[in-house]
Amino acid sequence: MTVTTEVAPAPRRSSRRGASFRDAGPPVALIVIFGVFAALSPQFRSFGNVQNIVDSAAVLAVVTCGITFVLMMGSIDLSAAGVMGASALTVSLLVANNRNGNDFGFFGILAAVLLGCAFGCLSGLALVLLKVPSFMATLGVSAVGLGVATLMFAGVQPNISDAALKGWAVERFLGFSYLTWIAVACILLGWLIQRYTRLGRYAYAIGGAEEVLTLSGVQVRPYKVAVFALAGAFYGLGGVMVTSQLGAGLVQAGNGYDFSAITAAVVGGTLLTGGRGGVLHSAVGVLLVMVLTNGLVQVGVSPYWQGGVEGVIVVAAVAAAVIPQRRRNQVVK
Amino acid sequence: MNALEVRGLVKHYPGVKALDGVDLVVRPNEVLGLAGENGAGKSTLLKALVGLVSPDQGQIFVRGQAVKLRNVVDAANHGIGMVFQEQSLVPNLTAAENIVLGSEGAGVRRGIYRWNEMRRLAQEQLDKIGSPIDPLARTDTLTFAERQMVEIAKVLRIEQRSQHPPVIILDEPTSVLESKEIETLFAQIRRLREFASVVFVSHRLDEVLDVCDRVTVLRSGQSVGEVATAGAVPRELHRMMIGSTGSDDHYHENAATPVTADQPRLSVRGLSGKSFHDVDLDVAAGEILAIVGVHGSGREDVCRALFGAEPTTAGEIRMDGTKVDLPSTRAACAAGIGYVPAERKIEGMVGSMSVADNMTLAKQKPRLTGPFVAPKKQAALVDSWIKRLSIRTPRRDTAIGRLSGGNQQKVVLARWLIGGDVKLLLLDHPTRGLDIGARSEVYRLMRELASSGVATVLLADSLEEAIGMADRILVMNDGRVAAEVACPSGGKPSPLDLVKEMV
Amino acid sequence: MKKMAVIVSLSLTAAVLAGCSEQQAGGGSDTAAADGACDPSKVRLVGQVRNESNPYEASWLTGGDTFAKSVGLTQERLTYGGDSTKQQEQISQILAGDTKCLVMNVLPNGDSDTAPIVKGADQAGAFLVTQWNKPADLKPADYKTWLSHITYNGEESGQQIGDALAEKIGSGGIIALQGVLDTAAAKDRFKGLQASLAKNPDMKLLDQQAANFSRAEALTVTKTLLAKHGDKVKGIWAANDDMALGALEALQQAGKTGKVAVAGIDAVPDAVAAIQKGDMTATVSSDGAWQGGIGLAIGFCYATGKLKVADTPADDRAFFAKQFLITKDNAAEFAQPKTDPADFECGNVFNRKVGPLT
Amino acid sequence: MSTSAATAAAPVAVKERPRLSGFMPIIALVALIAALTVADPDFLTQRSLTAVSRTAAPLILLAAGATIVVLCGGIDLSIAALASLSTVFLALWIPNLGGLATLAVIGVATLIGALQGTAHVLLRIPSFIVTLGGMSILSAVALVVSGAGTVRVVDDSTVKWLDLYVAGYVPMSFMVAVLVVALIALLLKVTPLQSWVSATGYAESAARLAGTPVDLVKIGAFAVSGACAGLAAVMLVSRQFSGGPTMADNLLLPAVAAIVVGGTAITGGHGSVWRSLAGALVVTLLRVGLPIVGVPSAYEQILYGAIIVVAVALTLDKSKVSIIK
């Protein structure tokens, strides 16, 4: 912590702004794992497969982008599944579809994203007003979202016929689907928010030292709500993207994305305790998880084992990140 | 008109009257020293001045107007800002962000950061104190002293909030600085005086006399005197601080017993770890050994290593001649070693648990019958220790967090005593944050323990304390033992002798 | 360790405890009901499916509602979200209520879930019709109030769509998307595919993966398998239409719509539409609305005494219902599924039987 | 509490607060039963409550076990997957081991729990991650061992005792669950474990520096959690006559909800297994009660989400938790 002589500050300066050593782990792991699979399986290294990996990472990337902000604050968000379901149904009922005469196009998408935003708001309000831990608040909101989705579903699957929305999953630009480019845009947007907006910086700061913010006269509660709302908007967009992929609004559109997104963010180097990591870290984490899933199928690992291997790798990734920093008497929750 | 004036401030805490009618006057463009022992009420007074504590009685006037300060922001709007003792910076933000935190102004437009503007604003503040820190450096990569500069720069931002010259409060800013850094700080303070009023808080009299124009002395929640520093005598001030009663035998020296052991109780040879190297030390039964050194000298880590809480790379530790392995704190406990951590609130006690639970946490045996807790046995045991150490607590099952600092510390100490088998006590700043009465009691307890044959390693809060309590003093510097100074009753060294070795 | 000791001793104590009983006391089965002496207006109709959020099961519940309305009652709709434990919990809660004239039409989540449901209903004397999933050695004929088990011949349908694929592609590789592996439906259908593969040696099974009857999972799995096998994939065999539709989306995203033949089972409206459009090759009808109604209808007939268990032949207690292969030729007929109220009259409830369960 | 109260009144006020919050889970439980009864008067019958208690038994066990981990400041996300795996083991072993299979399964589950605890303690990985990974790994093992299918128990005589009714009214499984909760509570109360567990949860570093065997306590907590999951699996098998690789998976979130609804602080230290018992009953009532009284499935989920959040808001003793994340 402290320095005893005047020579010490000099070396500190050098590592000041650049990426620190510990941030390098996940990208290196990504390259190594990619290399291993590429060596093992010729199909894996084909361009078509790389395309497939990147395309199928799109939705998870957007969802993870959202969850990263919540994790940066040191909170947790399990509402992705419900919010995505609700937004998937919303968008599929508002754009051209087989259930009703609506054809709001882009505004339908916007409405779905805003709905996600509203659900996020709800989580945030439950956290700051009712003082319910985010774990439970978001779990509750997820159930509410699924309920709302089921209400809208009303027994008949809405299939979308909106060409533009369907095109997201089908049309390609530079070899990658529009969805991938949307995900890239989201990551960029997320990074900009994280780097250049008060919201993003405060989310980061809340994870670092919430009490200091309060002491400096910052009202943290509106920012907490806003962060959940932002995350909700990302989930909403995620739901829209799933709808575009499936061509229909499914209540289960977000199944499993909650834990996958947390896993991806953590593998990418975001700490669950908050204050470290970020959108770019998470993007790497998402790619890592997708490469792993895809690679295991390509090299012929039984589907039963895939979940297990992923579990081992998540634990290993985190272990590798924390072992160098182990201290005695360290608090690990 | 006075920049700031306090009249008859009173604040009660459960069991303690922290402020008992304090008066204080801060004039424009002066550096006012606020001196007092730990526990004299300085912290509470300062918290009241920045709106963190609402006083029970009394009034605060800013430039002649009575104000009620509701929170830090409110205080800042009135032009009062404080550099906190425990640093209040967000570690994972840049220095610039920390400086403007909460009042970004032009640095943020419609929620969007303008990093150049932000940097400029921060640089402006840093320039005021002439600091060369890069505003865009992440705060946790800065040194402690640099961070303190950032804090001062941050407080100076309140100038932008009020049209008047600010009042800057520095709470014990020097406690962990080295002499060189202290000099820089003092230069800053003198510079601040040009456009602001400064309240400088310290319990080191030499510093107070050095940098301040005037000194107000607090003792047990009251202002006991005001002295102009020009021509003031430290001894006189010191007498005011500790009061006439405690000055003679504050450290209970007449209770000290001469050490008469042929074999050391604790013998350490060549102990090395991450922040200390090749440390040799011996402590005899009944001896109090103080280790002194500046922040970063490695003495805290040596202490923790002796308790198995810090890994060592080399060296051996012997207790009563037998080699002991200390891979964990548990092993240390089993070897008869006790440890009182410096961070009482975080590491010393479990705030939400009861006095009884805290007291019996380390040594379970005395309250057990077989493997089971015997409630009656525990009650009798805890009550007897509450009485013996005169711990002021409503009940034994009151949460320890509700007690005053001194009583908390006594419970933490009692934790090691109830087993009756402690051979070596490691005391890391045992009197930090205690009022004078409580300190005296802790000293008395240490003497008692020493005379009953417990060996003690003391990391004292101040040099005076080390000199007052210790039989022998080790001076550590840069992770190594620099000198050993004998410190027998009647032949105490002066603080200056020690400081020479420390730097 | 101590805890286990206690549990073991407890289990021993439990064994000797005279007060122990297999059934809970109070209320319980009323033998009068088994004779079918219920007032038609006192019958309680319960329909239970996995969830309301897929079209097939939603139409099931709607079918149940329609039947209930036709006899002047309402159906209690229960959904358990594909959660076996929750299904059992709901059933035991329902059975803890008034079971005298209770009629349940249940879709067990998996084979293993059928036994506890049957056992509970039997003890409580509730009329039960189960559909789709049951282990082979559990037979309604052995029980008094487990009236019937209805299912479609999965082996047959699996083979039918397999053959349809073979006919369409001639020769080449196909991939198979399996359903929830722990269900009779998934196992039988895959068995049917294997039979079809044996019959059509030119068709090769390149790969098979479970996509759990889910559209989204089928999309991901298909994309990966397409990347793995590329143009060798000529056809996709899916154990239900939801997965087939997911596979269609994957094909569309890979720009292969129409180039790869897809077949599914269930005849959900979207799939029938896809067949009419030519995107899909075949599906097999299973009529959700009929299933939702027929279970309640059978139960209702027995509860009100119009049918008697003693008079029912064993073949009616567990049977395959009629199903049709739907291809482009006959898709139009199935585009608007209609349920004939006459099907639910007590004399007609077994009309769709094509054969006893094998 | 009122600020005007004289200092003498302060200790009384201090004593009053925890007492009320201690009853909060029970109040929530009673309120919920009352609400369900209003919605459907037939709901409040002895048979119905008996069924609820039988239903709740495995959830009570899962929640009680994980509560110990939560009290130590961690979280165990693997309980449900471990219970599923245990049902598979039990179903596979009963034909060979008979009655011993129950003990063997609980033993193995305990070991697996302890193993995760050891990984958490030694590798210093947050428990959330260890058990999240554990969840995937255990599920994979369960799938492989069972061949991804249900394993039927043909001769269930050795686990049947759990499905009996004591005196015809109280389900044996519920009795056992309550007994286990009582046993855990007692064990904590009469031994130093209570203070070790709470100290670890409230302030780990302080506990460690007081010589508390923090690592062992944590490993023990995970082991208890595993044992409870194993026993819950035995109950499930006795109820379902089979074991399945995903049988208990859906009980994870309800179990965590039960812990939090009971008022145990998810940050550790404050709480008890009794609270989780009440919480598990609340959650069970919500799971089965809402559809039974006729709430349509869509509204059921919405109500479930809303009630859980409100229940947590009511039962959580905010004075014990400083920063809520």
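Every chain is named by a letter (A, B, C and D) in the order it is written, and numbering of its residues begins at 1.
Simple rule for what comes next: a contact is a pair of C-beta atoms (placed from the backbone, for glycine too) under 8 Å apart; a residue touches a chain by one contact, two chains touch by 3 or more.
Chains and their UniProt names: A, D = ABC transporter permease; B = Sugar ABC transporter ATP-binding protein.
Since we're looking at a predicted model, the values are computed, not measured.
Taking A-D and A-C together, the chain pair joined by more C-beta contacts is A-D. Put simply, the chain farthest from chain D by mean CA position is B. Rounded to whole angstrom, the centroid-to-centroid distance between chain A and chain D, based on C-alpha atoms, equals 29 Å.
Centre to centre, using the average C-alpha position, chain A and chain C are separated by 36 Å. Averaged Cα coordinates give chain C a centre that lies 33 Å from the centre of chain D. If you average the CA atoms of chain B and of chain C, the two centres end up 72 Å from each other. Multi-chain contact residues, meaning those touching two or more other chains, occur in chain C at positions 51-52, 210. Of all residues in chain D, those touching 2 or more other chains are 148, 205, 208-209, 297-298, listed in ascending order. Residue numbers of chain B whose C-beta contacts span two or more other chains: 309, 328-329. Across the assembly, chains come into contact as A-B, A-C, A-D, B-D, C-D.
The touching residues of chain D, when paired with chain C in their complex, are 42-43, 45-48, 50-52, 54-55, 58, 103, 106-107, 148-150, 152, 161, 163-169, 171-172, 176, 179-180, 183-184, 187, 227, 231, 236, 239-242, 244-248, 250-251, 284, 287-289, 291-292, 294, 296-298.
Remark: chain A residues 43, 46, 48-49, 51-52, 55-56, 149-150, 153-157, 159, 169-170, 177, 242, 245-248, 250-253, 255, 294, 297-298, 303 touch chain C in the complex. Taken together, the chain A residues at the contact with chain B in this complex read 1-6, 8-9, 12-13, 15-17, 195-199, 201, 204-205, 207-209, 212-213, 215-218, 275-276, 328-329. Partner chain A is touched in their complex by these residues of chain D: 73-74, 119-121, 123-130, 132-137, 139-141, 143-144, 148, 204-205, 208-209, 253, 256-257, 260-261, 266-268, 297-306, 308-310, 312-313, 316, 318, 323-325. If you check the complex, the residues on chain B that touch chain A are 71-73, 76, 84, 88-93, 97, 101-104, 108, 111-113, 115, 134, 136-138, 141-144, 146, 154, 176, 178, 180, 294-297, 304, 308-311, 328-329, 478.
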